[in-house]
Structures are given as C-alpha cells and as structure tokens.
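Quick notes on the structure that follows.
Letters A, B, C and D mark the chains in the order given here, with residues in each chain numbered from 1 onward.
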Amino acid sequence: MAQAGRFPAWAFSGLLERGNMSEPLLEVTGVSKQFPGVRALDDVSFTLRAGEVHALVGENGAGKSTLIKVLTGVYRPDAGEVRYLGAPVSFAGPLDAQAAGISTIYQEVNLVPLMSVARNLFLGREPRNRLGLVDVARMNREAADVLAGYGITSDVRRPLGLMPLGAQQMVALARAVMIEARVVVMDEPTSSLEPREVETLFGVIRRLHEQGVGIIYVSHRLDELYRICDGVTILRDGRLVRAGRLADLQRVELVSHMLGRPVSAERSFTSFAGEHDAAAGTPVLRATDLNSRHRLAGVTFEVRPGEVVGLGGLLGAGRSETIKAVAGALPLDSGRVEVDGRTLRRPTPVSALKAGIAVQPEDRKAEGIALGLSVRENIALAVLPRLSTAGVVSERRIDEIVETFMTRLRIKASSPHQRVGDLSGGNQQKVLLARLLATGPKVLLLDEPTRGIDVGAKAEVQALIDELAAEGLGVVLVSSDAEELIEGSDRVVVLRDGAVVGMLRGDEVTTEHLMNVIATAAS
Amino acid sequence: EDDNAGSASTANASAAAQATKSADAAGATCTLQQYGGTKVDLNTATVGFSQSEKEANPFRIAETQSIKDEAGKLGIPTGNLKTTNADSKFDKQITDVSTLIDQGVQLLIIAPLNSDGWDSVFAKANAKHIPIVTIDRKINAKSCTNYLTFIGSDFAEQGKRAADKMAKALNNTGTVSILLGAPGNNVTTLRTSGFKDELAKVAPGIKIVFEQTGNFSREDGQKTAEQLLQANPNVNGIYAENDEMALGAITALKGASKKAGDVKIVTIDGTKGAVQGIVDGWIYSVIESNPRFGPLAFSTATKFFNGEAIPENIIIQDREYDTTNASSDLGLAY
Amino acid sequence: MSTVTTAPEAVERAEAASMRTERIVELVQRQGALAVLALVIVVGVVSFDSFRTFDNLGTVLISAAPPALIALGMTFVIVSGGIDLSVGSLYVLGGVLAAWASQYGTWAAFALPLVVCGVFGLVQGSIIAYARLAPFIVTLAGLLGARGLMLALSGEGANTYLVRTDAFKHFGTGELGGIGYPVYLVAVLFGAGMLLLYRSRFGQSVYAIGGSEDAARLMGVRIRSTQIRVYVLSGLLAGLAGAINAARLGSGVTVLGTGMELDAIAAVVIGGTLLTGGAGTLGGTIAGVMLLQVIQNLINQIGTVTSAWQTVISGAFIALVVVAQTYLARLRRVASG
Amino acid sequence: MTAPADVKARGLDLARLRRLLPAYGVYVALLVLVLFNIGYTDNFLEWSNLRIQLVQVTPVVIVALGMALVIGTEGIDLSVGSVMALGAAIIPLYLGYGAVAAIILALVGGLVIGLVNGGLVAYVGLQPIVATLAMLVAGRGIALVLSSGRYKDIRDKDFLAIGTDSLFGVPYTVWIAAVLAVVVGFLVRRTVFGRRLLAIGDNRPAAVLAGVPVRRVLISVYIISGMLAAVAGIIQVSRIGSADASRIGLLIELSAITAVVVGGTPLTGGKVRVLGTVAGALLMQLLTATMIANNLRDSTAQMVQAVIILVAVYAARERRTR
C-alpha cells in the first residue's frame, strides 16, 4: 500500500466536529425501492449534515445510484421518507430537487453533447436581456470565466461532445456548483478524471465544505474517500450495513463490510499476483507504426503470450485509440497489425476477431454491451457462427457456453434471460468479459476494465486477468488507475499525443518511473 | 344516334371526337371584347396546359394526348405548348398555373383537380386577360370574367343516365351498391347525387344498400367490392363511378365465383377495358365521359380570338355503350 | 500529410490547419442547401428568360409560404427529437375551418383553425409526453384523425366552404411590391421562430431534449412541457398554413395535403437538421423549402418533363443533397479528430 | 447468489401481468374485434369472408414482415410502396419471357432498391428514414418511367394464377404470406443473422466491436425488405390483373409500420415480434373490413382507426419504472 505520498495530503481538520454539531440537512428513513426482479433498496436510512462530506460506498449494484435517484426525485421510493431541511419532501424530479437546492453530478456524464459548452453550463439558467432573450454574448463570457476556474480554457462555443471526457465532467461539476446548492451529490465524479483534474475537484469540494454545503460522495476509490470524507454509509445488496465516521473504520474493515466477508489485511490493494512468466517466444501481437491522422503517430509495440502489457499515459494520450486501432475499429492511415506472425490486411473488427483479438471498449454502455438484450445473447453475440450450423444457432450450445462463463466469472443475474441493462455495472462488465472470453481469443485488449466497478468485482476482474495471462493469453491493459496499471502489467508502454514516449520493463515498472516518463516527455 | 364506326382507325378517331351536345342557347356567351383580351394568333402563341393527375389511366392519357395532338395539328411549335402535371396535388396545380402565367402563355387550358380554390390564379390571369378554358371539370367561378368557358360533360347527367340504365337492367327492383369515387371530389359528388336522385325518381323499388369509396382506382375498387360482396352477397347491381373501379369489381365478382351477368354493373367513362367488359358480358352498360378535349378546346379558342361569341358552358355529347353497340363501337372507346 | 512526427510544434500546426478545415467544412455543411440552392438558381437564371422575372420570384415565394410554415414547425419538432406526420392533415383541416369560419369575419377565420389545430397538437404532444408513445405512431394516428375530422366537417369532402370575407381573401391574394402578403407574414414568423429557437430558454430546452433526453431530464429541463409545446407549435403553424392557403385559394379545398408531411420532412432534412434531433437551423430549413420549390419551378420552366421523370428528379435531388451533407459531416468529424 | 428462488415463485403477480400485456395485447384486441364481428357483422364467419380478409391482408403482412426486420435494426423503410410499384412496372415488361422470368426480374428490382437503401444506410451513413424517403420518391419515379406512366393489363394465365388460384381451399397468396412469416420468424429466432440484427438494433457500436459484420447485416435486412415488398407487388398485380405503377402500394409503408408497432415491436429496435406483426396487420385489416361491412363513412372510419392505433400501441408499449 504505497499510496501515501501519491497525493499531497491536506487535512480536513476540525470538520468532523462542526459537521456533527450542525442540523441534518437531508434525512432518509426506511427507504425501499423495488425493480422487476431486484430489490435495489431495502429499508435504507441515511443522514447528511451541513458541511459534511459523506461517503456512500458499496459494491456494484449495492444501490448507491438508486438511493441518489430517490433523493433527487428521479425515482419514487416504494416506502420510506425523505426529509430535507427538517420537512418531508417528495421531489417531482431533478428540477424540483435542484430548485430546492440539491444539485447532482450523475455517474455518467449527463450533458448534451451537441450543444455548446456554454449552453450546457447555463441550460435552464441562461442570462437574459431586457427583452427576455438569452444574452448569448454574456453567457459565453461568463461561461469562459467560470470554467477557467476549473482549468478549462477551450472555446465555450464549441459543442461539448468534442471535449475530452474529463473536461466534460468538469463542466458538469461547474454546473452543479453554480446554483446556490445546499447539497451537492457526486456519483463517481472521478472515474473519468486525470490526477490534475481530481485535485481541482477536491479544491472545489473543499470550498463547498467551507461554505457549509453538504456533499454526498460516491466512489470506488478508497484512497479518495479517506482523503476527503468525514462520514460514511455502507450499503450491501440494497441494505444499510453500517453508517458512521469514516475515520473510525479501518480500510480493511470498510472493504469487508462492503463485501460481507472478512478480508485479510495483508493483501495488496490490487489483486494482481505480480510478474507473469512471459514466454520469450514469438509475440502473439505485434503492432508496427500505427498512424492515424491527429490520433496516432507511429505507435509500435508487441505482446508475447502470457504477458500483460500496460498502456500508460494521461487522459487523451491515445491509449483508447491504440486499442481501437489494433481491434480494427479505427481507420488507419498506415501501420501493420500482426497476430501470431500473420498480418491482418485492412484490419476490421470482424477480421481482428477472426484473428483472435478481443476488445473490451472503454465505454461499456455506449460501445460494449447491448443493454436491451439478455445476458445470454450478449455473451453469445461474438461467437454465433461457432455456435451454429449453416447459420442456424444451436440453443444447446449457447446454453453450455453461457453456463460456463456465468459460473466462471460469477455473474450475478436472476437468470441468463435477464436484460443486461438491469444488472449492476460490475456484472455488466463481467458479461462483457464473458463475451470476449467466449471467442477464445489469443489477445485481450482491455480498456479500463475496472472503471466504475466496486472493490469486490475489481478484485475478481484483476485476478481473472492474471489467470488469463497465466493461461497464455496476451493482454493489453489500459487503466487510469496508476496502481492497477503498474501492479497488473509486466511491461508498460507509455504514450503521449498518440506516440510512444517510453517503455518500462522489469524493475522499472513502478509508479515513480511511470510518472517520471510522463513528466519528462511533457517537458 | 351515333354514327356507325368505320373499321379504319382514322375513321374511328374522328368518330370518337367530341361533339357538343348543347350550346346552351339560353346561357350567357362571351366575346373577346367582353373578356377584355387581345387577339392572338394561335399558330404562334404560347399555350399552357395544366393536367391534374398523372397520365396513368386511360382518361388522362387520352386527354393529354388529345391536347398535344391538336396543338401539333394546328402547327403550334412544340416549345410553345407548355404542359405541367400536378400529380394529384392541388397546391402544385395552383403553382403550376401561376408559373405558366409568369411564362407568358396567351391561352390556358386547365384540367382542374378541384372545382374550388382558384381565386389566386384568377387574380393573376384576369389581370393579364389570359383566357382560361377549363376542361372536364368545371371551376366554380364567373364565366367570361374569371374564365372563358367550360368544356366537358355533365357529371350529374352521367349519373342520371347510369341510374336509368340500372333501372332498366334490374327491372326496377333489387339492391344496388355504389363504388364511390375519391372523396371530396366534385365528380364523385355529382355522379352520386345524379344517380341517387334519378334512381329515387324512376325506380323507387331499387334499394341502395352500400356505398363506399373505391378512390377511382382498380385496386381499391376491387377491395371494396370484395368487402361489399361479403356483407351483401345477394346484391343485384353495382354502380361504379368510373371504369377502373368497375374492372376491379369484376375481378372481385370472379373471385366470389359469380358468373358474368349475375350482378349488373353500370359504369362511367368508356375506356376500352370497360367496353370490352360489355362484350364479355360482365358489364351491363357504360356511360361515356369523353376525354378528347383537344379539337374542341382549340377550335373554341380560335373562334374566341376571331371575335365570335363563346357559350359559357360547352357540354359535350357523351356516348353510351351497351350490348347493342359495344362490339361495333369498341374502336371508339379510349 | 501524416503526423508521424511527435514534435509539439508540428502537432500544433496540424491542429490549427484542421481547425481551419473544420470551419470551412462546417460552413458548407450548415449552408449546404443554400449552396445548392444558389447553384440551381444560377442555372435557372442562365437558362430561362422567364425564370429571372420578378413575377416568377413572387410565384415561387407565395407557393413556398404554406410549406415553409409547416417546415418551420417541423424543424422545432425534429430538433426536439420527434417527428410530426399529422401536419398535412392539419393543413387541410385548417383550410376547411378557416373557410367555414370566414363567414364570421377575418379574425374568426384565423382563430378557429389555430385553436383546433393547436388543440390537436396539444393532444398529440400530451400523448407523446405522458404516455411515452413514439411520435411517429402518435402523429400517424393524428394524420388519420385530422383527415377524418376534416371529411366529417365537409360532408365527406363534398362541401367546399367558400371564403366569405373579402378582407380575408384579400390577405391571401393581395400583394405588396409584387410579393404576396402571406410571404411577409411567413418572413416575420421565421424571424420570431429564430428568436424562439436560438434565443429563448424554450429553444434551449428543445435542443437539449433532442440532443439527449436523459441528460436534459437530469439537468432539470421540463421534458414534457417542452415536448407538448413543440407539437402545439407545429399544429398551430400547420393550421395557420391552412388558413393562409384558404385565403389564397378562396375556399376550403379538401383535396390537399397528402404527402405534405414528407415534403416538410424532406425540406427540413435537406436544410441540415438531424432527424435524430439536437441540431438544426431554421436558415437551413428555409433553404430546403426554397430548394424544393425552385426545382419544381425549373421543371415547369422546361415544360416538357413528364410527371414520371419529375418524380425521379425530385427523389434524386433529395438523395444527392443529403448524401453530400453526410459526407461533409464525416469530413468534419475527421477534421476535428 | 444467482436467481433467488422466491423471485421465480412470485412469478404471477400483477407486475408480471402488466409485463405480459405488451406481448399479448394485440392478440387480445384481435380477439375482441373478432367477437364484435361475430355479434354484429353479417356473414362474418363464412369462410368466403375470412378468405377475402386473408387475401386482402397478404400484401400488408408481407411488407410488414420486412419492415419488422428493418425496425428491429432501429431503422425504417419508407420505400416499400415504391418497390411494389417497381415490381408492378417490371412484370409486364418481361411477361413475354414467361411468368417465372417476370417474377424473378421483379424480385431483382426489389433487391436493387434494397441494396441502394442498405448501402445508403450502412456505408454512406444516412439515417434510414432519410435514405428510404429519397427512395420512396425516386423509386416510384423509376417505376413510372419504366412503365411510361401507364398501367398495363396482365393476361398471362400462369401469372394470374398466383392471385386467383388456391391450394386446399386456401389461396396461393395466403400460403405465400404464411410461409414467409414462418421463414422470417425462424430467421429472427433461430439464426445467427437474426441475433446479429437484434444486437445491431440494440447497440450498433457494440455490435461493431463484437465483430458483427454490421454493414453486411444491414444491407441484407434492407434487401430482404425490398424483396418482400417486391413479392407483395407481384401478388398485388396478379390479384388485380393489371399493373399500375402510379397507384400500387401507395401509403402501404404507413400500414406496414402500424402493423409492426401495433404488434408490439418497438420503433427503437433490438426486438422483433413476427407473430405480433402478423396479428397487427390482421387487426388493422379486420378493423377496415368491419367498418366497410357496416357501411361506416370514411370520416368516421379514419377517426376510429386513429383511436384504435393509439390504444393498441399504448397497450403494447414498454413500461419504464419510476
């Protein structure tokens, strides 16, 4: 556990006392919410005080997002009461909640990509001139000013969708804070931020905290929680497990509460076993001089069977692009992709898959799984030709393979026929991995495989990656979590601006080295 | 009544041409002076013709062709006859005619899609004193002010004649179904009212049990007839407001295992297919609605420009076909 | 032109160049319909004497007035992520109502169609917003319903009501400087529409719900009221278009409007508005409407194109413009990385 | 902790019933309408009447089958009516070479339009509604040009037999529609193609990355839709005995879409209900027949239809929890 010193510590001294003394801002008692087949919340209570940063933690599917949506009127609870500023409330929707002073940053960036940054920031609160018309000039000016405070200097008149994800998240944050909120809810705000942006976010949190705003903070990154949170509420399977001061809880205790089983304190934070026994043999994947206008400039690397190669770099370094290029999903201007020594001509997702490359994209919901289809159909999707004769699928063979992988990855679903959209994030991710593995790949390309999934699922996924590498697969791993990247990878290829700027191997695979390479390349 | 058809097709063509039935002696007339235009030499004039529907069915084909042929015969240069087709869109026809006026046509021949709604066209054409001859459908407006004259059939009269035929076919007793034309169309309205009024008068014993639209199309005519034969299997007569629907009805009758002549069909138009239907025994009678407007339209215009008085309505003589003349006059059908 | 080099200056230079390309392409794409329109007009002016007359301009403009109004409403609907198939029927219905109501004066002739078609839009919008049925289906039912109502009011289409008020008639046929009054009204309404779409909070909500309904909901946009208002607006404009047309034609013609909805959609799409919602401009819509009108006008200028070929030409044009736009949009995406 | 037993045991509660309604609502509506007709429409249960209803509904059913597939991919095909017209225009041109040749060429016509539609959607990236709108206009134009805009009477006995003859008392056309429905149903449920199609409709980018040959599947879907529409055109021509490119298939796209949606297939893709589509088409057909048989006026008929569509689609909608 070498995370001390990774972030400069700044103390919230005296906050807990102040927080405890003040009146509850928001009080939830006995709330339940049932979805078809799932009890997402079961008699949950929760209290938030002014000036408190309250961590809401739990495994994937524990009910965190659901609780937040109940608070903000997106869902109506089946039972229970929500009290705000001492009075019972039932918000008709987010707008209602917002008007009352509860402002939310949702888990997925929830802005309108086609609208300009400024219009997104001010939507519903646009400055107006005497005629009641939106004062566009003033809006743009003010937007630029506000965003400058969040380290964003790009043109606010451009469509939001053209900005990097992290910047979009900052816009969402700025938007949430701009209204005079009493409560700010943040559902995994850091999952797409890079370290510098995380610091900006924490700066904002500190400011809000000093103003006496109550903050609900959801995150799977435990070190973040310990840095900024005072109180904690732990959910498991929709039930309240424990609530109290975070400082009173050991990290190990916290995790075991979340998982519902004891966890050994000795274990490393990630579940990677360490070095893999990478055979010196021929590389299973070799990417040579990949070029794509404005995205990739001559990326070259190779992966041997049984080896995990990490792709490092800051947000926008071109890691996802590299992965997509190898998987045939990004048109290349030039470059060569070889699997087992055989060159893919004009790589397309179809030919890449045939050659044995399986890819797990960064954005699970948009590019990964088909939310409306069942677990079963999702798992079988990529291997249909193999499970069919003359184009007619064999239900039996599908059942077999689905059964195998649901067991192996311990996918929690009420049945193989459950809609994937109704599963929790972690289980959705597992379904996606099951689909990759079902293809019997030689190379796995994993882009942020543990983003937005809880410690339990994360550990399982990490262990799985080890296991697969041990079985002789070549793995390419992208992770914004430096620790995960370092512990999981045998070698790390460092990217910047779409080009390889360094390579860490053997003893060099440490966080310090990684930071060093990134920093040196930047200067 | 009709002259005997010659075997040569040229003879047919002239025999098939329209003849005026009534010059409506009592009716108003119109001269160039009254209308306020200037004399135009048709041989060098530009003429605009606005067709209402696609030239898909025999009536429209014959109508457009007749206008074009006659223009050719008169020696009007091809470029000087501007034709437009509104494709059954009324807005488009209004625009079409406006464009024709802007192009400087000196005579307008219009086959209107609808009888009402021509105010804006009149405003424009009358300012320039462009004579308008409306053919086949009448326009509800002032003759000699808004338009010059109407050449066409009397639709109510056609309905009436159909009713007479139907009465005769059924010996004044039985049940009849009507296949209506397209809704909202004044041809439909008049052919219906003419038929119903006359039937009530001459054959009160005949009951109308069913009236549904067949949209003037063979397909819809067939569909509606099929339905009607299910609801009224014993119907004695079918009055189809155009030949297309009648032909559809015949297919429906065949499908319902009826024999030729089981159900008496009376229809309006006079297309080859329908007249052949009489020969084959499926149709009892066809009332003609003659589409060959070219000669009459241009001769009327010539007379007008020569200063003669033109009657406000030129009602043409429509033939009728039945077993007595169908095979001999088949060549006259279009 | 590859960016194999990693030197920061080179990247920056490439960035700047790509920004420039992007602007140009964006301009062409946004104004694609306008560009084609200009081209078609030039061809017309060069080829036909009668095309370049002022009269002809007047004819094109007045003919474009009702479709433009319908397309105006349709733009709002499509930007909001919906579609409105009922406009053709509402257009006829509006005309019939206006003609009938004209016996009670000009104001009645405008008010009745606005009220009835507005209510129609309200009902459709409410069903879409509250029952969450697909706009395509709801307005398809609206298409049937409005036409049925129109037929019922006009004795199955047999009765055509004539416009009784001269003032109303005069509005339809009168001209100012050679251009019909309705054209001025349409121009003013487009101006107002632009303010509404670009400069009002309502307009922002329209873009937001079309861009991402879920995001808009979470950002506190009132989805339902925005949706309802969009369909009311579309209904009102279709009714108004019907009224204007009735004034122009002098009667409540019942044989109108079939296929009008598709024409309006085509015009909006040609104008560069995304059918998926969230993006679009009214300037583009005007260009789209005018383009369709001018092509028709040119076909008439030639005067000998058969109706069969006319149809082929129109279809090909729609395909051409839209395909060109899509390619430009793609170019732009590539340029912007 | 997979599949807790009690969830399965509590299967038959109200929520479950409500979830079943979208799937079976159209059958309930159909049943109600049939019962109404048995009570109020003369001769309704006569075989000849049922036969006519089946015969009349076949073109819509066949077109709707293709439409359902297209809608399953989150697309829409507005060009089907024009494809029917194109088929109708081609047949008389090639009947001289025999009925089979004419039919094959009409099918080729459907294939070509489908190919263009699919190409515009899959390669050019046009939105389906736009691409097929353009083909709706252009396709009919081509049909009109091919037929010189005029209708032609068909006299070929072999060809007309399709529309008039029967097998075991059931008309050929109905057999054709039934077989096609079974084939399409099989395609959706049991084949690789069907599952890929649904995956594309549910999440196209994901399907791409899962190695689904998206473009090929999309093009195939539009080709199938085009060819089915051509089949409908052939059937229609042989039934009427004349080929009228200017009228055939007018507005059938709307009827087909209505049938598909009323049958419980959402316009948002990812799901196809084949039997529901057939039932949806039958429902709309019976509705029209009921109104004609009871001599309802056109105005009333259209308004009733509007209401029924709304009610049926409302019943079939997917509920969201809140």
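Here, contacts are C-beta pairs under 8 Å (C-beta built on N, C-alpha and C of every residue); 3 or more make two chains touch, one makes a residue touch a chain.
As the structure is a computational prediction, the values presented were derived from the model and not from experiment.
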item: Shortest walk length in steps over touching chains, chain A through to chain B; value: 2
item: Between chain B and chain D, centroid-to-centroid distance (C-alpha), Å; value: 37
item: Gap in Å, rounded to a whole number, between the CA centres of chain C and chain A; value: 42
item: Residues of chain A whose C-beta touches two or more other chains; value: 74
item: Sequence positions of chain C contacting 2 or more other chains; value: 151, 156, 306-308, 310-311
item: Touching two or more other chains - residues of chain B; value: 54-55, 183
item: Chain pairs that touch, as defined at the top of this document; value: A-C, A-D, B-C, B-D, C-D
item: Touching residues (chain side chain C, partner chain A) in the complex; value: 1-6, 8, 11, 14-15, 18, 195, 198-201, 203-205, 207-208, 210-212, 214-222, 278-279, 334, 336-337
item: Chain D-facing residues of chain C, complex; value: 127, 131-134, 136-138, 140-145, 147-152, 156, 262, 265-266, 269, 274-276, 306-316, 318-319, 322-323, 326-327, 330
item: Chain D residues within the chain A interface of the complex; value: 1-4, 7, 15, 19, 190-193, 195-196, 198-199, 202-203, 205-213, 270-271, 321-322
item: Residues on chain C engaged by chain B in the complex (per definition of touch); value: 50, 53, 55-56, 59, 62-63, 66, 151, 154, 156-158, 160, 162-163, 169, 172-173, 245, 248-256, 258-259, 293, 296-297, 300-301, 303-304, 306-308, 310-311
item: Residues on chain A engaged by chain C in the complex (per definition of touch); value: 74, 93-95, 98-99, 104, 106, 110-115, 119-120, 123-124, 126, 128, 132-134, 136, 162, 175, 291, 293-295, 297-298, 333-334, 496-499, 501
